[in-house]
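Each of the next two complexes has chain A plus one other chain: chain B in the first, chain C in the second.
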Partner chain A sequence: MHGIDLTIIWAIIIAFGIMMYVLMDGFDLGVGILFPFAPDEDARDVMMNSVAPVWDGNETWLILGGAGLLAAFPLVYSVLLPALYIGVFLMLAGLIFRGVAFEFRFKAERSRNLWNWAFAGGSMVAAFAQGAVVGAYIEGFNTVDGRYVGGPLDWLSPFTVLTGLGLVAGYALLGSTWLVLKTEGYIQQWVRRLAPWLLLVVLGVFAAVSVWTPLVDPSAFERWFSVIRLIWIFPALALLSAWLVWRGVHRQHHATPFMATMAMFAFTYFGLLVTKWPYVVPPNYTLWDAASAPGSQLFLLIGVLFVIPVILAYTAWTYWVFRGKVRAGEGYH
Partner chain B sequence: MDIVELSRLQFAYTAMIHFLFVPLTLGLSFILAIMESVYVMTGRQIYRDMTRFWGKLFGINFALGVTTGLAMEFQFGTNWSYYSHYVGDIFGAPLAIEALMAFFLESTLVGLFFFGWDRMSRVKHLAVTWLMALATNLSALWILVANGWMQYPIGSEFNIETMRMELTSFAEVLLNPVAQVKFVHTVSAGYVTGAVFVLAISSWYLLKGRDLAFARRSFAIASAFGLAAALSVIVLGDESGYALGDVQKVKLAAIEAEWETHPAPAAFTLFGFPNQETRSTDYAVRIPAIMGLIATRSTDQQVDGFDRILEHNLQRIIRGQEAYQLMTRIRAGEGDEQVRARFEALRDDLGYGLLLSVYAEDVANASDAEIAAALDASIPRVWPLFWTFRIMVACGFLMLVIFAFAFWHSARRTPDKPRWLLRLALFSLPLPWIASEAGWFVAEYGRQPWAIGEILPTSLAVSSLTAGEVLGTLAAIVVLYSIFLIIEVWLMVRFARKGPSSLHTGRYDLETGKLKEA
Partner chain C sequence: MELDPLLLSRLQFAFVVCFHAIFPVFTIGLATFIAFLEMLAFRTGNPAWSRLSQFWIQVFAVAFAMGVVSGIVMSFQFGTNWSNFSYAAANFIGPLLSYEVVTAFFLEAAFLGVLLFGRNKVPPGMHLFAACMVALGTFISSFWILAANSWMHTPEGTELVDGIFGVTSWGQAIFNPSFPYRFTHMVLASFLTGSFVVAGVSAWYLLTGREVDANRRALSMCLWLILIGAPAQAVIGDFHGLNTMEHQPIKIAAMEGNWETTRGMPLLLFAIPDQEAERNHMEVGIPRLGSLILTHDWDGEVLGLKEVAPEERPPVWIVFWAFRIMVGIGMLMIGCALVGLLLRRGGRYWQQPVFLNVLRLMAFTPFVAVLCGWVVTEVGRFPWVVYGQMSHSEGLTPSLTGGMVLFTLIGYVLVYAVIFSAGIYYLMRVLRAGIESIDWPEEVHDIERPKRPLSASHVSIEEGGHGHARH
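For the complex of A and B:
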């Protein structure tokens, strides 16, 4: 492959997959995080039914991220997962709890309250663990000869606790604006009141993380203040999106708050990517150090380029089929 | 227990629990598609109710299948990181394709299947159901391509520069004969599982004399589908035996306890007590010639026994010892042309050198005792394989007989099936799960001592974690999965008892007052 660097294409594909995961599973995890605060049990039924048809497809982006890393960047997979062992385990346990809660909550009537907590708790734990993993990635990993040599709890620090809590708040914001889109009446009024407060918390955490990052990773300071000034466009657009979220909620729009929240997340994510580029296992390994052999990358690439558009098409069709407000009595009952 | 055994236990437990849900998903999804097709073609409401009721049970099962599967995907990295590093290039490819081609389709369509009844035309919904069934089967294809490669790694080679395996031909990996027979055998086993599930619960309704029209139709579909599936699972299982004879001689020798190479055609050991110490089978009952026929499809070719296999393995360990030393020299930068050429010649035996490195601190000067230990470890323990294989086969034949009777009575349209048959069908409910678990045990335990057949020993494949970490997650997984499994079974029983009345259509016996809550 002359002139085209497969490794960069793969990095873009996996970055895209992870972004899709954060945006899509983000809002249904967010619905779970908001679950205990819902006005009543009927509202919880509606909340769960708003994501019941789509959560499983959303979560599949995580599997693509995992399997894609294993195939295209085996080093990332084999260093990061043992380093994050307990965090990854917590995330998976959280996802299992909330996944079965969908099915069990509506079928096991007497223990419904238990499954409410399984859904909420699982969503919170999974979101926190994912946020902490992002924080750990910013901090970097202790490696020697392509192996992780740090301790089992290195991923847990004041900084990663902040990023963990920040992602919980972020997903809750995504969930609340999703519910603005999908619900009406008193449920919609409740999330409309909630969204601006969540937005405030999220912006506060973003600000704190932005100030703190150069302290845990000095190269981040250099990246943002010496090299290419163009990257400042990402935080600027994220802030603009945040303003659109606030305005959309304030003006009682249905769809714009959710769209703008997704945009805000995407721009923040791009900001994170340019901070760490090209390191995939910071501070020691770049994309090219971690890449698999060109043969594997090329073969898979052909498959990916054909299949991802198809996936996006039928995913879009599914959202179209389930468009509009959640209908009373539809879904699980 | 050390980290290797703990990690193996954890993987075994998660895989075994995961595979309680998978075969039912594979089989039931096709049965749902058949039922819904009848509904769309005839327009008769009862078939829609059948699709929805069995679909409810499908949903309970599906939720746990998905979530336990998600956890497995990450275990390759968390617990088997050297494995992931060593073969991620190859093993990751089918996993990524599985996610792309199967998981997305399956998980998206399952939402449309459950919640889309009133939002789509009949034909569109039917298309969704068929595609969902197809997607579940596609995911089986890709994961078995990955597993088939672990059993019989072709289409790849070791790269000494990167110290990793690299893909040389994806076509070979995909068309791997082991993967192909495994796929058809496994999905057929799934169809049998789905059919037994529907047959057993329908039989229970018939025994209780409730929801008869619903139960008879479900019974008929399950018996026809099940008979075809049970026949194919046995034929394809035999095909699998043939493929083993060709490429996985060790596993074949283990499940048949073939300690010695017998003159062709070899006898089949029906029963006996394999004894690893004396390398013989106590109290063996043998049927002449059958083994040779299954494994070689001929009367004149020999089936290798452990005597030959061990002799062969010893040669490979000695060559592997040299390959290991050459590799160390090349890595240290001492490799001239000659050294490299010699390494190339011995590259295929490197795995045996790695196996020796597990038992010998200094591979170059390994003692005779260390070589003997590696040799002993080069074959799996025989008796567990010998017995689980027989349990699997016995379950398979038993189910075939039950389906044959059930189909006979359905085809003759006997309105009242004999009660002994209904009872037999009901009590056969655990059989497909016992057979599936036994089958996977044979496949995976029979692969030992290798994580990747004759390339990477299992004990070198693990992550560098502390035993405490793995013990902690293992304990948590055992507790969590067991609780979820109990809840799932409880829910299944509850909804099976309610029967189609749980659809609240007002047409079934518990609702019309014909029957009180069971």
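For the complex of A and C:
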């Protein structure tokens, strides 16, 4: 493979997969986080119906990302998972609980409340754990010779608790704007009232993390204040998106708040990527240090390039089939 | 007591993988069975076949969903607890495990929805095609997993340089020496599992006189499959054993409880292996039969456990007894197949209550046999994670502490206990509702129904609930 750097191609695939995961599982986790605060049980039915057709497809990206990391960037896989050992367990437990709660709540009558709590609790734990992972990633990992040598709870610090809570709020914002899009009447009014507050919290965390990051990672300061000024476009666009969210909610638009929230997430994510580039196991290892053998990357690339379009087409088709508002008393049983 | 992260990690892996394995081993066989039913329905037009298919698709959906959920945990286990192994072997196992994921998703995205929900929306030929593709997809999935696993037993086509396995030949590494035997053995095990579960459930319905026509057909079909499958499995098992003897002789020694290298080794039927004393207690065996089976020669030489140092010997009693349970169940299966054949005269196979009750109980045994088989092969390769090249302790995550692993082990046990008892309880509800449940009214608009596995069934999870959820 002369002239083509497979490692770059894989970096793009994995980065794309993670972004798809965050955006898509983000809003259905958000719906779970908002679950306990819903006005009534009918509203909960509608909330769940709105994500029921798509949520497990959304989680596809997580598994694809995990397996892809092992194949393409084994160093990332074999440092991050040990470092985040407890967090990964909590995330998986949360995802499993909410997944099964999803299925059984519809088939339950008397035990419905129990599944409600499993759904909400699982969603919150999974979202918090993912947010803490982002924070731990910014802080970097304690490694010697490509092996994680830190303690079991290094990933849990004041900074990562902040990012964890920030992502819970962020997912809740995604969930609330998704519900603005998918619901109407009193449920839509409820999430419309909620969304600006969540936006405020998210912006607060966004600001705090931005100020705090250079303190936990000096190279970030370097990157933002002395190297490439062009990257300031990302936070600027994220803030613009935030303003569009607020305006969309205020003017009672249906689709703009959700689209703008997704854009806000995407630009924040790009901002994070440029902060760390090209380090994938900060602070020591770059993409190329972490890559597997070119033959292995190529072997898998063939299959992945074939299947990603199929998954994207299937995903698009599902969203198309289930487009429009979800109304109480109909839909998924 | 000092908590040993190595032992606890092995326990944790054994626990999650055993829990995971029971679902795919069932769904692989069931998918093929459903494809058969669809083919019969398509060719004969007899509604009994499509009723059977509709019912078993519901069961398939629940088991498939459980398999997917428990599989998510597996894809992270390699990194959390076996990071040194993952890092070293990633060039080979990374793409293989990823291909399994890719296959599963492709299958789910493209064909599962059509199979589960498309019966009245696509032409019958297309539905049949989807059923065949789902069955094929489950095989391809297990192909990747077993190729990766077999390579860990008989690593070839790779080279260990500076602690990293590099692939020198994908063909040799994937089709490594133990792969053909392990794969065939496992596929047959899946067929037998699917057949015995369907046979057992059908027998139970027949005992209570439910949907006699359809269930009689299902039972007959399963008995034919078992009649071919169970003896074939014994033959394949023998070949697999010979292959193991060539590549992992110490595993064979543990399976046979054979401490000394001997000629004319007996076949032990009973023994209590004693690891400390390096001998067995209370041996009961058939002289020379062991050598005959393993070497196809009455006086063939068989290596004993003492050929290697004590710390390189697997825990013998586990391997010894797991092997005997597996083989014993295999023998029972062959017995059932033969009795079933005899009872065909006069159509007694579906009316003989004792036989039906035996089949009902036999429905659980394939799971035990499969897990025992995996215990034999995985415990038997101790202390290697990649046979002869990387030990368990070298593959372990270096930063693990015993407390961490104990925490997650207890956590997984609790999560699985809650979630899977709900799942298996629900599966039992679907089985109890029986084929009749496909006639229950559905009050939903078809277009609104999400295309997801568990929604293929509309049985309520609670006792006394209506046939379908409220609204």
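The criterion applied here is as follows: the second predicted complex is superposed on the first by the 326 of 333 C-alpha atoms of A that agree within 3 Å, B and C clash if a C-alpha of one lies under 4 Å from a C-alpha of the other, contacts with A are read in each partner's own complex, and residues count from 1 in each chain.
By definition in this document, a residue touches a chain if its C-beta (ideal position, glycine included) is under 8 Å from a C-beta of that chain, and two chains touch if they have at least 3 such contacts.
None of the values given here were measured: they were computed from a predicted structure.
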So, after the overlay on chain A, do chain B and chain C clash or fit? They clash
Identify the partner contact of A:150: answer first if only chain B is touched, second if only chain C is, both if each is, neither if none is.
second
Could you look at A:79 and tell me whether it touches chain B, chain C, both or neither (first, second, both, neither)? both
_In the overlaid three-chain picture, which partner chain does A:215 touch, first (chain B) or second (chain C), both, or neither?_
neither
Check: Thinking of the overlay built on chain A, is A:88 touched by chain B (first), by chain C (second), by both, or by neither?
Finding: both
Intersected contact list for chain A, partners chain B and chain C 52-54, 56-57, 59-60, 62-64, 66-68, 70-72, 74-75, 77-82, 85-86, 88-89, 92-93, 95-96, 99-100, 103-104, 107-108, 146-149, 152, 292-293, 295-296, 299-300, 303-304, 307, 311, 314, 318, 321-322, 330-331
Chain B partner, complex, touching residues on chain A are 52-57, 59-60, 62-64, 66-72, 74-75, 77-82, 85-86, 88-89, 92-93, 95-96, 99-100, 102-104, 107-108, 146-149, 152, 292-293, 295-296, 299-300, 303-304, 307-308, 311, 314-315, 318, 321-322, 330-331
Counting only contacts in the complex, chain B reaches chain A at residues 59-60, 62-64, 66-68, 70-71, 73-74, 76-79, 81-82, 84-85, 87-93, 95-101, 103-105, 107-108, 110-112, 114-116, 118-120, 159, 162, 164, 166-168, 170, 463-466, 468-469, 472-473, 476, 480, 484, 487, 491, 494-495
Touching chain A in the complex, chain C uses residues 65, 69, 71-73, 75-76, 78-80, 83-84, 86-87, 90-95, 97-102, 105-106, 109-110, 166-167, 170, 397-401, 403-404, 407-408, 411-412, 415, 418-419, 422-423, 426, 443-445, 447-452, 454-455, 458-462, 465, 468-471
The residues of chain A that touch chain C in their complex are 52-54, 56-57, 59-60, 62-64, 66-68, 70-72, 74-75, 77-83, 85-86, 88-89, 92-93, 95-97, 99-100, 103-104, 106-111, 146-152, 292-293, 295-296, 299-300, 303-304, 307, 310-311, 314, 318, 321-322, 329-333
